[in-house]
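Letters A, B, C and D mark the chains in the order given here, with residues in each chain numbered from 1 onward.
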Amino acid sequence: MDFEHSQRTRNLLERLNAFMDAHVYPNELRYHEEIAANRWSQPPVLKALKAEARSAGLWNLFLPDEDHGAGLGNVDYAPLCEVMGRVHFSAQVFNCSAPDSGNIETLIRYGTDAQKDRWLQLLLDGEIRSAFAMTEPDVASSDATNIAAPITRDGDDYVINGRKWWISGLGDPACRLIIFLGLSNGDAPKHQRHSMILVPRDAPGITVKRPLTVFGYDDAPQGHMEITFEDVRVPAANMLLGEGRGFEIAQGRLGPGRIHHCMRLIGLAERCLELMCRRVKTRTTFGKPVSEQSVTLERIAEARILIDQARLLTMKAAWMMDKVGNKAARAEIAMIKVAAPGMACKVIDWAIQAHGAAGLCEDVVLANYYAHARKLRFADGPDEIHRNQIGRIELARYGEAG
Amino acid sequence: MDFEHSQRTRNLLERLNAFMDAHVYPNELRYHEEIAANRWSQPPVLKALKAEARSAGLWNLFLPDEDHGAGLGNVDYAPLCEVMGRVHFSAQVFNCSAPDSGNIETLIRYGTDAQKDRWLQLLLDGEIRSAFAMTEPDVASSDATNIAAPITRDGDDYVINGRKWWISGLGDPACRLIIFLGLSNGDAPKHQRHSMILVPRDAPGITVKRPLTVFGYDDAPQGHMEITFEDVRVPAANMLLGEGRGFEIAQGRLGPGRIHHCMRLIGLAERCLELMCRRVKTRTTFGKPVSEQSVTLERIAEARILIDQARLLTMKAAWMMDKVGNKAARAEIAMIKVAAPGMACKVIDWAIQAHGAAGLCEDVVLANYYAHARKLRFADGPDEIHRNQIGRIELARYGEAG
Amino acid sequence: MDFEHSQRTRNLLERLNAFMDAHVYPNELRYHEEIAANRWSQPPVLKALKAEARSAGLWNLFLPDEDHGAGLGNVDYAPLCEVMGRVHFSAQVFNCSAPDSGNIETLIRYGTDAQKDRWLQLLLDGEIRSAFAMTEPDVASSDATNIAAPITRDGDDYVINGRKWWISGLGDPACRLIIFLGLSNGDAPKHQRHSMILVPRDAPGITVKRPLTVFGYDDAPQGHMEITFEDVRVPAANMLLGEGRGFEIAQGRLGPGRIHHCMRLIGLAERCLELMCRRVKTRTTFGKPVSEQSVTLERIAEARILIDQARLLTMKAAWMMDKVGNKAARAEIAMIKVAAPGMACKVIDWAIQAHGAAGLCEDVVLANYYAHARKLRFADGPDEIHRNQIGRIELARYGEAG
Amino acid sequence: MDFEHSQRTRNLLERLNAFMDAHVYPNELRYHEEIAANRWSQPPVLKALKAEARSAGLWNLFLPDEDHGAGLGNVDYAPLCEVMGRVHFSAQVFNCSAPDSGNIETLIRYGTDAQKDRWLQLLLDGEIRSAFAMTEPDVASSDATNIAAPITRDGDDYVINGRKWWISGLGDPACRLIIFLGLSNGDAPKHQRHSMILVPRDAPGITVKRPLTVFGYDDAPQGHMEITFEDVRVPAANMLLGEGRGFEIAQGRLGPGRIHHCMRLIGLAERCLELMCRRVKTRTTFGKPVSEQSVTLERIAEARILIDQARLLTMKAAWMMDKVGNKAARAEIAMIKVAAPGMACKVIDWAIQAHGAAGLCEDVVLANYYAHARKLRFADGPDEIHRNQIGRIELARYGEAG
């Protein structure tokens, strides 16, 4: 057993941290100011940072495919992804942000040559962005077999209808592609009813109804959109992998997506703990620095323990994914999906408390980070679904059910 | 021991609930739409509801003073206040909202006739609103002796300076009066250094810098403002009670303020539990209604227990305040100030989880209510200050310290 | 609403506390020494204290029946019961201990004259003790319909078989009566299959197999026994109320039994908090009294809040039982059955932590009290059963299920 | 980063598990029966198992010293130690139990040749056992500078006095050696006041007062003893390392001791989770297997997450100790000392709950294991001390204190 990162990762980590210090942290304020001035467009500073990151060779680090990306396994990518988690928008800087990363992997693994020609390079170059449309307001989407938006074959086309929401990234004008999960054959066996299909953002019949807020944040310019599809028509060749194979693709893309979220949450929690430590050193109540109160020390200690445990569990899951594949690692992936957002919510809440009311407002990142971490207790399924699965896997070790 | 409300309260409760059913709940959506259309002004629907409530005799119910208000004690007012807590803006409908309620009580108890003549009736009529300016960004205001904004005597005037924030209600154009707590004599004994003084909102030198957000919400039109005072000059006659007596007044107003917050939080939590119950009955995952999952039943049960316990503790504190006064009831007041917001945060979080991602957005009140409840873990002092006080009172029962 | 006890209760409380101070606390050590010397017999000091209490008129206080006992309702008895909970054996001193109290109520409410003649007065006089035999090792007894030990009619007799465990009080040689719950008709509707029947302790065929331990405590001399019944024969006249009416009786006796447990747990928790407060004042670490650490103050505060909330909830349930009856108060009874043991376990655990390793051993009551409180998370059904019931009652307020 | 064990460890693990299956698990019941029959002597089955383990080459595995033991680092020993933790007495089977392991390491690192000649081989052979006497009833021993029992030079001897308690292992008649920590020079700088000295168990003046219980368990035959030293005289040559160097030795021995406890706790928690899983599959309530209740699945999932996280954190600490030494790894050691016992207490408590009242008694190991895990929240310092240290180390990353 060895807890040291590989030489390659240590080098990348050093370069990434240097880049963050030189370019990202100093531009956080500017990023938010530019968005405040022009809410629903990519801020110029982000474009500049992307160009800088690409020329620094810190680009598409998430992509295990060596032909198109960094060729790092999950274990090697994890600490880099964690660093990106420290600043909300920085995964975009390095072209490593969701849902583009998952969409790129989906295209590489399941796309036809024609599909790749049309979309893949643009995404790899960070020229366009993309969205993933699954969740629906009218059904409990945590059980994905409930998804009901129809994809209907009509001659050489598919016709798409339905209402989707929580479609992240669609607020960005650079978003040109939607990967749509819908019901293509309600009579098929349960896990062969759904398909994934590529839908150009500008296809007629797509209407963005509104950006949803998470707590009070609309997360502009990416946003989380509610959209309707009314008789949206795309060529049959836009189907991914084949009709009825939507769940097969979903399984493939979920593992990495989840672990990236968890890695970033660890970096985010580290940042919040740092803010907490710095804050308590500057304030005095009743004649004593807040940092000297034993209740402060206890919370810092618990935060440190929670973060380190979540990081190790995430690294273990990453190692399992690299070693035995996403399917055999499904218990570990489910475990971090429960542990990391829960950990982050607790740590951020303590950090907020240490800041007093300042912790709730826009002067520090904490409340916004809390909203994000809280949302991740739903993304890719709520905690309850994952705990259920973990429990069943554990029980299965002891033979058949009850 | 008797857990039944008085006849008068039961009557008022029935009338209040009827009013809520007839006028408030049906107008919730309209209230939010009017604000969305015109963020920083009192929405017309609110003005209409206030007139309605006043003519229905449901007005100034909070006020124990019989000459000016309902003349109810805390025990009798509590269940009414709870009902108002179910809808975020409804305390305003009945002219029972913070910080006006506290400011009105302050004026009645400590104001001169001239001060009352100028401000009291306008506030009692709901014609104007008011603010309370204490918290400062540069010091740990949870220890109020840290407050540093100077109030300086200059001839027949006082001159006021400093930066204050979290000044709730100042966003409403109807806000005409600020009660300002500042440092009038830094050399006096610790609890005689501060004063409270009446400052007209339109006094020259007052600048509203920005509305602060609470988890992304700006709580328009009331808002929580950051403001600066630059050489703001008011007549010496605006001083409340006397120079150096700010803490004396603060003690008097804190008790009722805290208990009103807690009462409303209980109603707010009840509403969220109701939303949770209704939601889980409408959704099915993996072939089973969510309401039948034992984990759902456990959370509903825990929510019910937490709410009922917090309500009883709040009623006990109210009874103590009525019976032995705010000072003798200070442990009980501190206890509910810790218990109620913590309870509400837990219950709302469970309700959010039961709603899936819908629980985070503007379609249900939950995320907004969470932000409000979380904020109340700071208002009038963070949990830590109150727990400290409760602990010390408990230890004092067993003789001198250590 | 009024949180003051009745005049009668205040008087009794004063006398009871005086008795505790004069007779019970000073004899705690002696009680334990006498048991250590002679584990499975009633210690002489207990007999003496019982005589004393009876002559002081502090006897059968639990019994709402005025002909046989104090005639107090639940609200009036609660604060007395709480005081008894402070010392593990003191409920016996006042002839108010389980399971005798429940058995006495059962006999009064459901017994025939002949049954009363034989057993009731002896129990009321504290001359004999009794047991209640329900739980079985081979089935999940938390669902009482699982109870399988057969009661079979044979001519003028019933023949009883089966293995029961956790039969508390049977270790005391004064225990002469067992109320036995068994399966009398497996083909009847679910809640008419079981009966309760009176079984003399010395009936042939009863074998005590062993005392069970709770954590490491055997709770001598009462004990929690595992016993077998082999063809134990009792006259048909020993049947209570009628064949198949076991659950009807069980419902009647459960309410008071549960609330007495909860009342005592509150007294027990108060005692532990007192021990905690006294301890932290005597110890110093790293140059500072433990009582001055903010983490200590936080735990004391949380303990005070938890205890006061649990007491109020218990009082509310008591008031409901007195006012609308056990059945209408079933949600409230279930709520305290969850809240009180959980609260007690938390408070005791903090008190243990404050004592260091001393808190684990026999020098203080804490570990023993913890074992007792933990056991009460099972007595009369585990938490899960009660939460399930509370959840279902809550959901029922909003119409039919799912 | 690599989560796989070394080849050597995998081999040893296979052999150890085979030994456990063949010899230890099948003898658990016999072990407890033999102790029940003869409480304060080593049961014959233990002696037989020790001989078996030694001849199987599974002996002194804990000892990093290659000349005297297995020569395994902490990382390699950890998974073996975990397996031993599954059965309470099994560390003794492999001569790897506390406090002998720590005492052996102390003798090897700090003993003179004469001290080693007298004691070391006997301990390595498992012929004798030993104790470590530090904790005192009259001071808060969690701050070890409070230790007050005097060690006084008198000619060629030291004379030892004082009262110690929680001296584990002294109940075993094989215990022949006590390592005593006492105050040798109260005027020296704080961390040079104390010394460690070797005291033969049979030295005149040593009196065992009583075995202490943990919850109700006396942990015979090892026990946790209270003992007095009255003018106990030992040769000056028995001093370890030198007068005033007690804390220096203590620092050296604490790291491994703590990590061994944590490793064993992980195995213990795994065993309890296994018991829980097996149990819930065998019980049905309200027509449904308990294993199918979502609340059961949630707890199993949480237990799995907690255990895996605690194991990884412990492995990381072990790796740090091997890589950078105990001192540089002190934050990590403190973190597992907090995390592992807390985790174990939670997991065991859930397992108890899943067993119903059976979980409290001697029929399953759970309550006894709970008592043990709870005790480990005090051993080598209570949680609070460790959290304090972790918090201070974290804050030190951000410069000087407040």
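Note that a contact is a pair of C-beta atoms (placed from the backbone, for glycine too) under 8 Å apart; a residue touches a chain by one contact, two chains touch by 3 or more.
Predicted model only: the values in this text are computed from it and were never measured.
The minimum number of touch steps linking chain A to chain D comes to 1.
Both copies, chain B and chain D, contribute mostly matching positions to the interface they share, with over half of the numbers common to the two. Between the Cα centres of chain B and chain D there is a gap of 53 Å.
Centre to centre, using the average C-alpha position, chain C and chain D are separated by 37 Å.
Centroids built from CA atoms put chain C at 43 Å from chain B.
With touch defined as above, residues shared between interfaces to two or more other chains in chain C number as follows: 284, 290, 293-296, 298, 384.
In the complex of the two chains, the chain C residues touching chain D come out as 135, 137, 140-143, 146, 165-166, 212-218, 224, 283-286, 290, 293, 295, 352-353, 356-358, 360-362, 367-368, 370-371, 374-375, 377-378, 382-385. By the touch rule above, chain C contacts chain B in their complex via residues 1-6, 75, 273-274, 277-278, 280-282, 284, 289-292, 294, 296-302, 304-305, 308-310, 312-313, 315-316, 319-320, 331, 334-335, 338-339, 384, 386-392, 394-395, 397-399, 401-402. Interface of chain A with chain C (complex): residues 293-296, 298.
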